[in-house]
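Before any comments, here is the structure.
Which chain is which? They are A, B, C and D, in the order written, and residues in each are numbered from 1.
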């Protein structure tokens, strides 16, 4: 299975730790960057989603670390949207350095009404556009 | 199954995000705090492990977010060691606020020689002490 | 000049960088922790201030780094409130490890109305209580 | 006085806080990005400097926050090198959003031998190249 979209990140010095590798928590920040850039191709993207009164919460994350990333490494964070069902959606990720897989993972999300924090469906236009993009 | 050890954390303002909740990446930092405090009961703990020339790498993480944590919340991060097999070990976590479960998760780790980065067994004394603590 | 209040912090592994020292940006997070704990002695403290519709913005920071802090170091972050004038106030800090000064600095802040973001006076009760505490 | 070099950054969601603005500590991370990109034009830059056995420590920072930055803002972090004297050097910064100044500041640094941590001169080639770049 392949990825049609990727975000480029470069390992920041502040993201390294005393093992001289990127701290494992930072991958979740990179996944988020990739997810937000992925979404921004669609009608204002994530900021646009927030303006319609919908917040997307992260409900679950999973990361497998294969090879450490180091300061100043240029990485590709590949991302694709997975199942979109009602209020829930999912993204999958692959972090590569010059074609070598450093990590992979997935995140699950739920749309909630920004005011009531009740679950709300993923807007139809977004579901449709993602289905088209990934189809 | 229950937890015999916990670390207390308090949500820092810098850990919140524009949703006014603790950013989901921060839970990995809290897990790490709990894991390090857990280990420090044993012969110098994680700093001690590093001094013997062993680094513990994080190889996999999983978090489920149930209820958001907010600025200044006092949290209990419960932790227990799981399977210890050869070079690999695992921890499980439960984040609670006044008895309410906010998140749970687990992390997997591998011991490597700090110089060669080759896998190396979890030191016997540590495996024994953890087995006793959790037994 | 001396400090009557301090917050204890312990250097987190995630706060270290590839120089194996606490990253210099983290001191601002520690200053914030110390400032918030300082304020919490007064009527609900910073969360209480926010509930009255006042936000405190950070308008200026200064840090001098004297000796690096390392993973797992136990630090005292000493703090005192300085000038309180109209909408503006200031804090001073000293970071110590077993009595040795590692860093010092100050931060300046302004109170704004949370809705309009216009400057608003530091509430009288807070100014009075700080004056008493530091007097 | 003007800047000849700038780095582009985009405010990450993880960099915002519960005031819905970029947390003030993050500017030091952006300054660092700008400084490292500035240096990378010269013989391998900061990674190159580290490979010659020299570490650059941050000894002092100062930031003035004028206007908050928000999630997804595209910022220019302008940077220039200042005084280079012996082991010490200095950088100045200006953070802009579409030409509007959001913050400014400076950082001071010292070169140390990576092994002994003793002060060591800024390498002549680097001092010369910076002087040429800024001259």
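Structural remarks
Assume a residue touches a chain if its C-beta (ideal position, glycine included) is under 8 Å from a C-beta of that chain, and two chains touch if they have at least 3 such contacts.
Nothing here was measured: the structure is a model prediction, and the numbers come from that model.
More inter-chain C-beta contacts link the pair A-B than the other of A-B and A-D. Separating the CA-averaged centres of subunit A and subunit B is a span of 24 Å. A separation of 34 Å divides the Cα centre of subunit A from that of subunit C.
Centres computed as Cα averages put subunit A at a distance of 28 Å from subunit D.
Listed for subunit D are residues 13-14, 25, 28-29, 32, 71, each touching two or more other chains. The touch graph of these protein chains is complete, with an edge between every pair of chains.
Partner subunit B is touched in their complex by these residues of subunit D: 13-14, 16-18, 20-21, 23, 25, 70-71.
Those residues of subunit C that touch subunit B in the shared complex are 12-14, 28-29, 32-33, 36, 46-47, 71-72. Residue ranges of subunit D in contact with subunit C, taken from their complex: 19, 24-26, 28-29, 32, 55, 57-65, 68.
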